[in-house]
Amino acid sequence: MLIGKIVGSVVSTRKNEKLVGSKFMIVETCAGTGDTKRVVAVDNVGAGIGEMVLVATGSAARIGCDQENAPIDAAIVGIIDSGSGLPELDRA
Amino acid sequence: MLIGKIVGSVVSTRKNEKLVGSKFMIVETCAGTGDTKRVVAVDNVGAGIGEMVLVATGSAARIGCDQENAPIDAAIVGIIDSGSGLPELDRA
Amino acid sequence: MLIGKIVGSVVSTRKNEKLVGSKFMIVETCAGTGDTKRVVAVDNVGAGIGEMVLVATGSAARIGCDQENAPIDAAIVGIIDSGSGLPELDRA
Amino acid sequence: MLIGKIVGSVVSTRKNEKLVGSKFMIVETCAGTGDTKRVVAVDNVGAGIGEMVLVATGSAARIGCDQENAPIDAAIVGIIDSGSGLPELDRA
Amino acid sequence: MLIGKIVGSVVSTRKNEKLVGSKFMIVETCAGTGDTKRVVAVDNVGAGIGEMVLVATGSAARIGCDQENAPIDAAIVGIIDSGSGLPELDRA
């Protein structure tokens, strides 16, 4: 899974019908993961901007979040409380 | 999911029969995502050149767009109205 | 999907039995995609060296080409006639 | 599979219910693999900080670890005793 | 699929039970593929150190090698005899 911070969100009105009701967040992955990038992930846990989160990618995002038939390839599946092994976590 | 702008399209006459009727668009991912690249995605929402879109990749593209048996690994599944957290969205 | 040009092929005699009969081509992805690399893809459309092609990756390659049980993760699924949005296509 | 060393862990209280009981470790992939990065993987073998491990990614992480319906895309599936072909293994 | 040369192997005693009996090889991908890296792949064809091989990744590795329920995301599925289109193959 990826670790990152929620830095924004996206609004889309014209979209695949299976995405209606989904909340699209922009997550910036931690620099400590060796590759800072921003991905769009569907929120599955009620996370908000500024929070550090766990993101599941690939088929795990659909199947693990009970949206097996939706065109979702990334989902926020946990809010991080604390941790070690990444500079961003050590500061948390 | 990826965010990008549609910058072109591709025509293919000799192709896998399950792709007949598919519209192939070239999407340039946002520089703000840390990695600008151009990918080919099948249009699922009636998007056109110049629009900012959401692209689902992997098995989500096939299954989420009701083309479970087609050789599709990327699909445009939403047109972006507005957003925050990416330079390209802030300007939109 | 990836876009690239077929630049070579590979012969393998000792291989997984589900690959018997498969034709392995080397495809160089377009520089315009931001990342030139060479991948091995199984030909599904009768493509030849020098042609510009569409490559499906991941589970789409197996399932979309009716080889659901074969160890294939990339397949050539279309020959490109024309297009726009990539330098290589504009020249085509 | 990836090879790396466990360098930390992550605690998440608010998470997808299928992740309850999962232990999230941070694994730093070997420099010898050409790309040092830190990923979050669910522990499947009782591994601890400092150990060199094998990490399975994608659907293999869910299905191979009997958590087919959980939003898991990376799992620690082996602890490495010895090996060759990577600087980190030669030193082990 | 990836092309690479087998450069080492890994021994793991404490591992997921579905991996018992699997032989883990380290494969260095060809520089000609644009990205030299070393990956761990399970041998499916009796390949040895120094051989050039084809590696299937993702779900194709599990399903194509009749280990659908094992946590395997990369498998060696062919030994390369000859080829063209990659510097390493031209020299073979």
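A few notes on this one:
Which chain is which? They are A, B, C, D and E, in the order written, and residues in each are numbered from 1.
The rule is short, and it goes like this: a contact is a pair of C-beta atoms (placed from the backbone, for glycine too) under 8 Å apart; a residue touches a chain by one contact, two chains touch by 3 or more.
The shown structure was predicted, so the numbers you read here are calculated from the model rather than taken from an experiment.
Here the spacing of subunit D and subunit E, counted between their Cα centres, is 19 Å.
Centroids built from CA atoms put subunit D at 31 Å from subunit B.
In subunit D, the residues touching two or more other chains are 35, 58-59, 61. Chain contact topology: the protein chains form a single closed ring, every chain touching exactly two others. Following neighbours round the ring, subunit A first and subunit B right after, the list reads A, B, C, E, D. Contact residues on subunit A toward subunit B in their complex (touch as defined above): 6-16, 18-19, 24, 26, 28, 35-41, 58-59, 61-62, 68-74.
Residues 1-3, 30, 32-35, 44-46, 54, 56-61, 63-65, 75, 77-86, 89 of subunit E are the ones touching subunit C in the complex.
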